[in-house]
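Structures follow.
Next come two complexes built around chain A: one with chain B, the other with chain C.
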Partner chain A sequence: MQVTIDGNSVEVSSETTVLEAIRSLGGDVPTLCFDQRQAPFGACRVCLVGVEGAPGPIPACTTPCRDGMTIDTGDATARRVVKAVVELVLSELPDPPAEHTELAVVARGLGVGEPRWTGRRHEVRHDQRHPYLAFQHELCISCGRCVRACDEVQGAFALTATGRGFDANVAAGLDAGFRNSTCVSCGACADTCPTDAIIEITLLQMSDVP
Partner chain B sequence: MSERFDSNVTTTCGYCGVGCRLEAHAHGGRVVSISPALDGPANEGHTCLKGRFAHQFSRSRDRLTAPLIRDGGGFREASWEDTIDLIAGELSRIKAEHGADAIAGLASSRATNEDCYAMSRLMRAAIGTNNLDNCSRVCHSPTSFALRKAFGLSGATGSFTDIDAAGAAIIIGANPTEGHPVVGARIKQATMRGLKLVTIDPRRIELSDYGVLHLSPRPGTNAAVMLGLAHVVARDGLLDRDFVDRRTDGYDEVEALIALYTPEHTEEITSIPGADIEAAAHIYAEAQEASILWGLGVTEHKYGSEVVRLICNLALMTGKVGRPGSALLPLRGQNNVQGSSDMGALPDTYTAYRAVSDEEVARSFEQCWGVPLSRQKGFTIPQMFNAAVDGRLKAMYIFGEDVAQTDPNTAHVIAALDSLEFLVCQDIFETETTKYADVILPASAFLEKSGTFTNAERRMQLVAPAIDPPGEARTDFEIILTVSRALGHDMGWRTPADAMDEIAALTPQYAGVSHERIGRRGLQWPVAADGTDSPTLYQESFELPGGRGQFAPLPYKEPGDAADDEFPLILVTGRRLQHYNAGTMTRRTGNLELLDRDWLEIHPDDAARLWISDGRRVSVRSRVGRIETEARVTERIDPGHVFTAFHFPEVRTNLLIGSSADVNTSCPEYKVVAVDVRPVAEQPAYTPALAEPALS
Partner chain C sequence: MSRNLVELVRRQHTVQAPTALQVLKAAMDARGEITDEDRRLAAEASGLPEAAVYGVSTFYDDLRAPRGRRHIRVCTGTACWAATADAHVDSVRDGLGLTLGERSEDGSVSLAETVCLGFCHSSPAIRDGDRIDAGPGAVERLLGGTTADAAEPEWISVLEEPVLTRPGDWSGLARALAELEPEQLLAEVKDANARGRGGAGFPAGQKWEFTRASPGEQKFIVANGDEGDPGSYIDKYLIERNPMLLLEGMALAGYAVGAEHGFVLVRSEYPHSKPILEAAAAQARELGWLGEDIAGSGFDFDVTVLEGGGSYVVGEETALLACVEGLRGTVSARPPFPAQKGLFGMPTVVNNTETLINVPFIARSGAPAYRDLSPGGSPGTKLICFNERFARPGVYEVRFGTSMRELCEDLAGGLIDGHEIKALQIGGPLGGILPASRLDVGFDFDALKAEGCMVGHGGIVAFDERTDIRALARHLLRFGAHESCGKCFPCRIGLTRAYEMFGAEQPVERARLEPLLETLELASLCAHGSGMPAPIRSLVAHFPDELGLI
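Here is the complex of A and B:
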């Protein structure tokens, strides 16, 4: 079947998602909860695009292509919502995310700077009881990538989404650290984390020494 | 996202044989982080705690950083020049006095293809002997032997992606979630999508919990299990008659043999319930596509190579070979255990398993290397040690292998090393083996060298240096070339890529291989001259005369050791997730913090009978040695069996292993050792005592 993306037609199979179609044409939309190693999740709403005839923007990562679909990656409503979403995410962090993180890259790409909203921010809570892996819980944006990496890539089922609303976060096992969980130390969580909420300890040490 | 590092290099993991492609990030002269390459064909963006985290060993303070020459009871640092002079002088003297066959070399399954090929050329051309072997002797040599006899080529018939395409799979004698974690994760995910998995192991491995059936054979009875499965396939009309007629030879004899292995008889031998044998045979044979995976639990036995033949029989009977999803996948233990043998680092073959006695092949090498070459088979590793003790072997050049820690019958190995006139060790650390060296050469780790590794899927993949070797240490490739030149044989290569070009030119099976072609995606051999590679073998025919697969009518035979009154338990050895083999690398990393000891797994019934409680120190004694370790009481192991790993020199598990070995390949029988286990008494044994309350 055929879809049109920003005026360009492309032939896609019925399994293809809108995000895959966009990327197959060399285009891109930002994502935060997406990782090619995991099933699409559709949690972050950062990949929103406009679709002709749809009542509002749709998430590109979880939406399958339909024959004749016309997609607008620059849709004004989608762009406005996405910027607001990222700004809201940033507004909860005690400090701006490190420059190399995916979150910082996405924010820069969207031109989102210092968030306009002031309010409650996450409290700093670190856990370095594992020889390689550290939690920096205040940086968690609940994208679910670490939990899904643990389930869908490794199959250790050690990580859990915890809390609700502003308190949503991630925990290993019963929140007693990686070593007191079923963690097998594969590091897939740190590898996928877009904010360094889970990070390799060597990298923490590296950023301490400029 | 990588700008914060000084350099980012894509390379191939140097731990197990899965062959994960890795991105190594270096900063300030050391590797600070490793992440999996998203386009790695075997790992697809994943890796395990060894590949990802266990890299600090590369800058461990006790790395060898200068050549060492024996000086009385110890060693002194020496210049490379003096050291190479000494090696060339001693090897030349020994060759002159005793002949070239008084010298032997060991290449390493941890090193690159180019290193192993260079080592082969050093021994064969510069020294003039076929006394060359590598550590695959002690792990998968039976697999290599049997696959060549049954199908023609010495490697997996397919790729890891076959696991995703299969409806059913059998894993026998392997524990992938610990030994090959990335493949283990792939299998686990496949089971959650519906793969029907049968695990066959004396221990209930983690994947058994995800499978549909677990069979627990008595150690050493794998042959009977495979024969029993074949019996049910034939009895219940599950034979692929068309495939057998069209593509194989020798089924009639097998048919007569397997008639004896009824489920009842198989149960008597293996102690697996006959009904489970029947169920397993149906699961495997009735799936549209099904694969078999195995590890050292199959090979490291007296009849290991025969069991691999019986595995091949089962695949041939059911026609489950040569299609995506129907593969035979031996899980190779070391990063380049496939490649080191492919490259001819063996006493009887040149590259691609072509015999040293093959006149035409030998001539092609003579022409390229410009020297006459021996047509006589050399010594295998165990034969080298025997010859050293006998006084026939005078010198050894051991590269990247700690034989005193990892080979069986440790006392014999040490006696052999002790009786050599001259021993060269080339390694990254001092090891148990280097204690007996006359010269120790400081070499490079996988993060410091270039070349290629060949993974368990026959895939040749590039290795690239992320950091420099420390101090005066050099790459193995450079060292071997230098020694060869000092012996008067200049190999004439500048880089490992040049060596690969020579390999390709001399080996039809690798005709189209070059570093450039290998690129990011690798090449699965055989590789045609135009660069076409072979993810799935035997789609149309087998690589044997007439193109037909060969059945082997091999009956079950008793293992080399058996439990008796004095040694009533059977010890099986294996790997733990956190460590790798002798632990030379992983024990020098944070993995030691995750796991800092070995232990002995023992069933609660045996533990209760022997007054052993969880955590208690125990003595383990076999016919040849004794060790002490800590007991862990668990139902994952069956009564009558115990299990331990071999990662810790302070335990030295291999002191327990005798010299029983595979009948065809001399691969040691690490997996069946009769032992006596007792608590180490804190009071003299005659003190009257009650059994510990926890046990009553």
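Here is the complex of A and C:
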């Protein structure tokens, strides 16, 4: 089948997602919960794009291509809404994300400034009981990448999403730290985390150096 | 949830392991709290990883607040709010000397909030153990230790020959098995154009067709009895008063799509629903209407009844399936749709319980008769219910197309004590709000949509002339934020921000409200986040001055 992305046509198979089609043409849209090693999750809503004839923007990561689809990655409504979503994400963190993180890169790319909406923020909670891996729970944006990395890539099932709504977060085992869980210290969670909520201790120590 | 977890749950189901949610609920019922030891035992029994069990134990309301020997749950649903503006919550809290979610130090008593006990006809409602009291004096009786069972009004059909309130007698299944091939039954349901009664209004026949066409070793029917809408007690009535008709509808769905097993998920807020439905299923097995080789047709079908754990979003179909699997009740992106990959990864029909009780009539009397039930309106009939503000609250079976004024004034008798309707919320917390000046609109899918409202699940909550509109917005958004499953970012954060805007003392800036509502509407993963702005938009349109907007 054929789809058109920002005016360029491309042949795709029926299994291809809109995000894969965009990237196959060398284009890009920002993402936060997407990791190509994992099944698409559709949580962050940062990959929204415009599709001709659709009632509103659609998430590129979970939407399969349809023959004749006309996709606009610069769709004004999608860009406006995505920027607002990232503002909301920044508004829940006690401090702005570190500049090297994927979240900070996405926010800069979209030109997101001070969030228009403020209120409750995540409570600071650190767990450094593991020799190599540390939690900074307040930085968790519930993208689910660590949980999926643990389940789908490593098969260790050591992590879970916790709570619900604004209080959603992540925990290892029975929330008694990595050491008291089935964690095999592979680091896949820290590798995929877009905010440094899970980080390798050595990196954490390096970032502490002024 | 990850794909590996779903596969794990499927394997555990084939060896008939209990789900993690079931084991945790039982632990809570037995000891009033959940310890790590309970979680380890639940992991062992269910086969789920410990971390996943921990995640489940932090998701559901029923598993979170510790319980004393006497556990009291005060209803904070919209009908109770319309009756007292939450004064009953304050009275119970002060009277017991406990905050919501607190257990007394000696463990004798505990207090929690619960959203909607389904006694909206006699608010305020309070649950003391498994006894539900409601109406005037309920708070005083509770505090005096004399909680009584509240009465429930009879349900009434306006039809000469009731369709949905008529006790199920299996005549629809009998005819289908004797005279119709599964494809013919499916065609009949499609031709009847029965639309889903849970809120979205999706044609039931189309869902069935997709499921029938999807390849799968097994297929399932899941009846959505998770009627979470504050202000609605329709499913409570139909499950508890007409369980046979529901089971018959499920069996018909199974026959049409090629499924041999069905699940019903009922709410834990309705403590009588599960035992009543289980007793009906046992009776149906004795009568030969459930089980193997039903009526000598070669068709096998049976039903399992499960109870939820306290979560509104579990009413969304993918979250419902996660709850049936005993996992966290969070929403999954579609596609894949349940009709392709549903319960345990198999093709699954998910229908609202009310949708399913429409099916026996279609099977028995045919599509044309069904379409004729509401002349000039949507096909079939609808159950609606009214809150305590009305003179004659209760569940009614009505024809589509009847005006809201006729329903509110003629059927429900207007409001009590000379009060006047200021506004109605129709169809649940995601439904728009209709001001009194617009009551002449017809009760129908398209007519209500044009007013920014919806049929939804059919609950009608009146707010009288004394209602503080800003407090109403706050009430609705508090519910929205509390019930967000936390999966998608816009809903998880945006509903809390919206609640905070209306919760603060300052005026609400339109310039900040509008883009927040737009973001919720366009970016949310499911109808919870995208629907919560609807009532707020109605209030902005009809009561801008009272909202304190600038």
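The rule is simple: the second predicted complex is superposed on the first by the 210 of 210 C-alpha atoms of A that agree within 3 Å, B and C clash if a C-alpha of one lies under 4 Å from a C-alpha of the other, contacts with A are read in each partner's own complex, and residues count from 1 in each chain.
Note that in this section contacts are C-beta pairs under 8 Å (C-beta built on N, C-alpha and C of every residue); 3 or more make two chains touch, one makes a residue touch a chain.
The model shown is predicted, which means the values in this text are computed figures rather than measured ones.
Participant: Go through the superposed model and pick first if A:L174 touches only chain B, second if only chain C, both, or neither.
Facilitator: So A:L174 only meets chain C here.
Participant: Contacts for A:P131 in the overlay, against chain B (first) and chain C (second): which applies, first, second, both or neither?
Facilitator: After superposition on chain A, A:P131 lies in contact with chain B alone.
Participant: Look at A:E152 in the shared chain and tell me whether it touches chain B only, chain C only, both, or neither; answer first, second, both or neither.
Facilitator: The answer is both, since A:E152 touches chain B and chain C.
Participant: Between chain B (first) and chain C (second), which does A:V29 come into contact with in this model arrangement: first, second, both, or neither?
Facilitator: neither
Participant: In the superposed arrangement, does A:R80 touch chain B (first), chain C (second), both or neither?
Facilitator: second
Participant: Classify the contacts of A:H100 with the two partner chains as first (chain B alone), second (chain C alone), both, or neither.
Facilitator: Touch partner of A:H100: chain B, not chain C.
Participant: Which partner does A:E200 reach: the first (chain B), the second (chain C), both, or neither?
Facilitator: The answer is first: A:E200 touches chain B but not chain C.
Participant: On chain A, which partner touches more residues: chain B or chain C?
Facilitator: C
Participant: Common interface residues of chain A with chain B and chain C?
Facilitator: 152, 155
Participant: Okay, in this complex, where on chain A does chain C touch?
Facilitator: 32, 38-46, 48, 56-57, 59, 62, 64, 77, 80-82, 84-85, 88-89, 91-92, 116-120, 141-142, 144, 147-148, 151-152, 155, 157-168, 171-176, 181-182
Participant: With touch defined as at the start, can you tell me which chain C residues reach chain A in the complex?
Facilitator: 2-5, 36, 39-40, 49-52, 54-55, 58-59, 311, 328, 330, 332-335, 481-490, 492-497, 500-501, 512, 515-516, 518-519, 521-525
Participant: For a test of understanding, state which residues of chain A touch chain B in their complex under the given definition.
Facilitator: 36-37, 100-102, 105, 131-132, 152-155, 179, 184-188, 191, 200, 202-203, 206-207
Participant: Give the list of chain B residues in touch with chain A in this complex.
Facilitator: Checking each residue of chain B against chain A gives 1, 3-4, 27, 32-33, 35-36, 38, 44-49, 52-53, 177, 181, 185, 188-189, 192, 577-578, 590-591, 593-594.
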